[in-house]
Amino acid sequence: MAILIDENTRVLVQGATGSVGSFQTQIMQEYGTKIVAGVTPGKGGRKLHGILIYDLVEEAVQGQQVDAVISFVPARFAKDAAIEVIGSGIRLLVLTAEGIPEQDVLIVLRYAAIKGATVLGPDTPGVISPGKCKLGVHPHTMFMGGPVGIVSKSGSLSYEVGRVLTKNGVGQSTVVGIGGGPIWGLSQEAVLEMFEKDPETEVIVLLGEVGGRQEHDAARFISQYMNKPVIALIVGRTAPEGAQMGHAGAIIEGEEGTAASKIAALEKAGAMIAKSSLDIPELIKKIGA
Amino acid sequence: MAILIDENTRVLVQGATGSVGSFQTQIMQEYGTKIVAGVTPGKGGRKLHGILIYDLVEEAVQGQQVDAVISFVPARFAKDAAIEVIGSGIRLLVLTAEGIPEQDVLIVLRYAAIKGATVLGPDTPGVISPGKCKLGVHPHTMFMGGPVGIVSKSGSLSYEVGRVLTKNGVGQSTVVGIGGGPIWGLSQEAVLEMFEKDPETEVIVLLGEVGGRQEHDAARFISQYMNKPVIALIVGRTAPEGAQMGHAGAIIEGEEGTAASKIAALEKAGAMIAKSSLDIPELIKKIGA
Amino acid sequence: MRLLEFQAKRLLAEKGISVPKGVLITSPEDLQRVSFPTVLKAQVPVGGRGKAGVIKRLEQAEEASSVVYEMLASTVKGHPVEALMAEEPVEVCTQLYVAYLIDKQVNMPLLMVSSAGGIDIEEVAKRTPERIIKKYIDPAVGVQDYAIRSLAKALEIKDVRAFADLILKICAIFQEKDATLIEINPLALPPNGQVALDAKILLDDKAAYRHQELFDDLEAEQKQLERRTKSRAEELSEKGQINYVPLGGDIGMIADGAGTGMITLDMIHDAGGKPANFCEMGGMANAENMQRTMEVVLSNDHVKVLIISLIGGLTRMDEMAEGIVQYLKDNDQSVPIVIRMCGTKSEAGIPMLRESGVDAYEDLATIVQIAVEKAKEL
Amino acid sequence: MRLLEFQAKRLLAEKGISVPKGVLITSPEDLQRVSFPTVLKAQVPVGGRGKAGVIKRLEQAEEASSVVYEMLASTVKGHPVEALMAEEPVEVCTQLYVAYLIDKQVNMPLLMVSSAGGIDIEEVAKRTPERIIKKYIDPAVGVQDYAIRSLAKALEIKDVRAFADLILKICAIFQEKDATLIEINPLALPPNGQVALDAKILLDDKAAYRHQELFDDLEAEQKQLERRTKSRAEELSEKGQINYVPLGGDIGMIADGAGTGMITLDMIHDAGGKPANFCEMGGMANAENMQRTMEVVLSNDHVKVLIISLIGGLTRMDEMAEGIVQYLKDNDQSVPIVIRMCGTKSEAGIPMLRESGVDAYEDLATIVQIAVEKAKEL
């Protein structure tokens, strides 16, 4: 399998009946994702794109296997919904909501750690394993199967890179958006570790941005534990110091937050540095993957 | 090794400088228990019976291995002290205090579960592996090494039985007091499982009492999973219904709480039933252990 | 500590949970403040009041006085009725059962509800356990909205917000006051909104120090309603200093542990004797407490022989011996005392006893036999 | 939301944490309520005020008026000083640093203290990190006494009870108000007891709905102290509807994601162009918001070309196209617009654009090149 998901992953959609949830559910289904049920409190018993909607997760998991949940539940209700998923024993939760209060996110992540569940996000586009399974909102025509693993804070940046790779005939094993932050469930480092172990992944593209310290952790991991080649692109190189560019994670935090320090650390760790998405296909060809 | 502890177990005493803690520390040392440090807030730097006292557990574990803690901390401060131990990564905590508020006990046990620590108690005399290690307050001259594992709610009842066995030349592998309840960390069932796996234990003596439902869980476990012979003694047979006899655990709770229902369940599960401690040596001889 | 119904309802009302309007009645004069129809409910700390006939609806004031007299003269399961609540009747459509408690098998707080609330809930639990719905609340994250929605759905509750509000308030009281049980049974549903018709609350005595004022007030209130004076044993028991249970026989019993105490009773019984009491000193065992305990047990005139069954672990036998010797010195004592002493510091304790002329045995079976024989002789 | 110093101290004081007595000064007249000596402190939402010279001790009333005038006319790191606090001086023996925050590397709340409090704490952290002491607080059990005792010991604090009380209060404020940072630096120690001499509090905007009144009041207060009117872009940014950062160049930029926005800026820069702004619509991207965003970005007269860089995932390109078309219909627009559109529903969006005469490209490099060339031409 690819990392996190594959063609057998059985998916529950939480918040399936809202306008975004409903639209994305249909697209995921069309892509081939095995969506087995939906949950929206108060809408139990309805059908949506042929799947049954339940009021509660405990009802949806009764009598059927559920491997992963993608949640389109709005930020205000996201904590309760996430704890409901984790408490039910499901092992993977993709949390798309943006704007969940930070203390809520902390509690969700602590509970996930206690119960051994993996949370992707919040504020994530999700994860796609091209041709196998899509658990997210990606514009999937920009992706195709192949040997490159992508991990990105930014959803849109992963689309940019996927698009360029695919146009150049380079496919992807799994594309993971860890989310816009400022708090992350699965980290860049954790995803790198999965890719390192994944037999279907030969090269990893790490997409970072100005702000936060994750890229430094990633650099440490690369230098200490990784054998597979890593190509890194850090955007926001030209952002003025102190500017907050979108993701809350992109606040400049001391020296470790600057793009320059991240690029330096990753380069020192042995990663190849791309200046823009356009450089990446060529770098991959150089590696010979 | 025996279960839970053995001759190599390195022990920290929490609340070591109080009158009970100090007295019992000395006795445990004399017995041969490897006591490596003590902790009492505000008393850091002193020495007691040759061991160094620290203010904090984090100081005591620095630079030395600690396998287990026995806590003589009074009930009011027991929760904080227990969380301190569990948070420091120590895997076994013997909680002797009686009268810890129930919600405090719940939090301690939940945290222990999260961190993978084992809590014996509260309100427990501890555990003794005769001739190897004593992590408790047992009158140890009543015990000697041998093939019988004892698990008991009541400390004093385990002494009664140990005394009779030893007098009859039958030794014990490990004697575990799970505590007076009404809330227990390690359960009878969990201790039975350990004894079943322990090569040094050939027969198990289960000492229960009126009240609570643990003995029914134990009976289910015996009938489903145990190959070793179990002898059960349930005291409080002659207690009038509704009377609370000491341990809060000994409140009659519906039909499952009565001694009669427990005896019936254990007998059905294949345990031999003793009417008093005096019967036990003979039952063991019958088994031929 | 078990609260009386009106105390429990007051705790609920303070948090904003609806309860019927009520007046506390300790004499027929209090009826002046009551409007009719009304429901009179005996305030005793036991269940089964409906079946015991101490909950009565009165339509008018006329016969009220004599009913109050009668109820105040009655006794329920050994508890004399000292006070009544006169409550406004509430129209009941549906009766729910709602409880929050600690489940000691899994060591988690538990929300437990049923749509079959009312006096038969125990029967429901036995015969149709599927009608009792449970939700464990992980203390690591607390009670969550989805758990409440799940219960509301099972109960077919329309106004989920109001129900959630109620549940969150119950959980808050539970935590803030160190309760071990909060039970509302029945909880009446609309047209009257949610009203707690009856309530049972147990507070954790072990946490009393965190709520001293509340505990003191509740206890004072309960005492004031009890005309009967308590025995010394009951008082000491309530303070947690000894654990004394009267049993009606003639052999007094003191133990330094619950287990050893219970096996001693079983052995007395098996040998044909009749225990006068169960009494253990638990973790509080010291010389002073031993003295006080002997005082209490021997204040029972029916006691012909006293067994003291000691097997020291945490308890020190030198301290026990000191207490026994001191008691014998201070009291002109005629009841024969049979002592078993072994364990921690018994090598010091036994000589102390011998020095003051008291014998001590090591074997439990021996003292039980001696005591039972003596009791038969006397 | 970053609170001004006096707002932060008010939150602390409401919980019972000691702060110096102070008077808010917005004009020299307010000095009448001030007793001397006093310490004047500019109320601006940035650090480094001491070094910027906007914290001044005044011994007497004489020169006070002119100092106040001067300070109110000054600007700190781009923030005009609109208000001062005049505080009673506090005798300082020891200055501690105390902070409670969310550590986003380990996803746990963190208590962080140092005995080297004061304006140089960042230097301390850099040069002698061992002087910064950290304790993670597991949300599953909350802050425990032993953690506080550990910190108190490291700080050589004598009155551990008072320190524990302070820490527990800070943690309570943090949780109750959805703070993301509470920092007291310095915390002055006896002889004056513990006094929070300076305080910084960040509240979580994402949790504003849980504390609407508090947030509204704090915001109104901050607005009242700002004479300068805000731009439309700032207003929309504050409401979280767009994320707009002015950058001073001449190429306007709108993106539907932060990452795609940043790479667009980097590419403009690498191609020799100068971005006028960063602007992304985030999760709020819909037709209406696109219209409003174009309005904001184009209200900057320096913009010669506008790049719209769209790569729809969650964002739907049909909705984006609708917004762009509507904007062009409603406005007499002369600035050339270069659009990149691909992704979700672009098969619907691109024809909509073409229909109203706007071209759309698929390639980011292409539009960057076109825009940079156009900007140079114009």
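For reference, chains read A, B, C and D in written order, and residue numbers begin at 1 within each chain.
Rule of thumb we're sticking to: a residue touches a chain if its C-beta (ideal position, glycine included) is under 8 Å from a C-beta of that chain, and two chains touch if they have at least 3 such contacts.
Computed from a prediction, not measured in an experiment: that's the story for all the values here.
Path length between subunit A and subunit B in the touching-chain graph (shortest route): 2. Under the touch definition stated at the top, subunit C and subunit D share these contacting partners: A, B.
At the far end from subunit B, in terms of centres built from Cα atoms, lies D.
In terms of their C-alpha centroids, the spacing between subunit A and subunit C amounts to 55 Å. Note: centroid distance subunit A to subunit D, computed from Cα atoms, is 27 Å. Among all residues of subunit C, those that touch two or more other chains are 138, 140-141.
Subunit A has residues 107, 110, 114 in contact with two or more other chains.
Residues 138, 140-141, 144-146, 149-150, 153 of subunit D touch subunit B in their complex. Residues 102, 104-105, 107-109, 138-140, 175, 178, 180, 204, 206-207, 209-210, 240, 243, 245, 247, 255-263, 265-267, 269-270, 275, 278, 280, 282-283, 311-314, 316, 342-344, 346, 364-365 of subunit C are the ones touching subunit B in the complex.
Across the complex, subunit A meets subunit D through its residues 20, 23-24, 27, 75-76, 96, 98-107, 109-110, 114, 123, 125, 136-139, 142, 152-160, 163, 180-184, 207, 209-210, 212-214, 217, 233, 235-240, 243-247, 250, 275-278.
Listing the residues of subunit B that touch subunit D in their complex gives 41, 55-58, 77, 80-81, 83-84, 87, 107, 110-111, 114.
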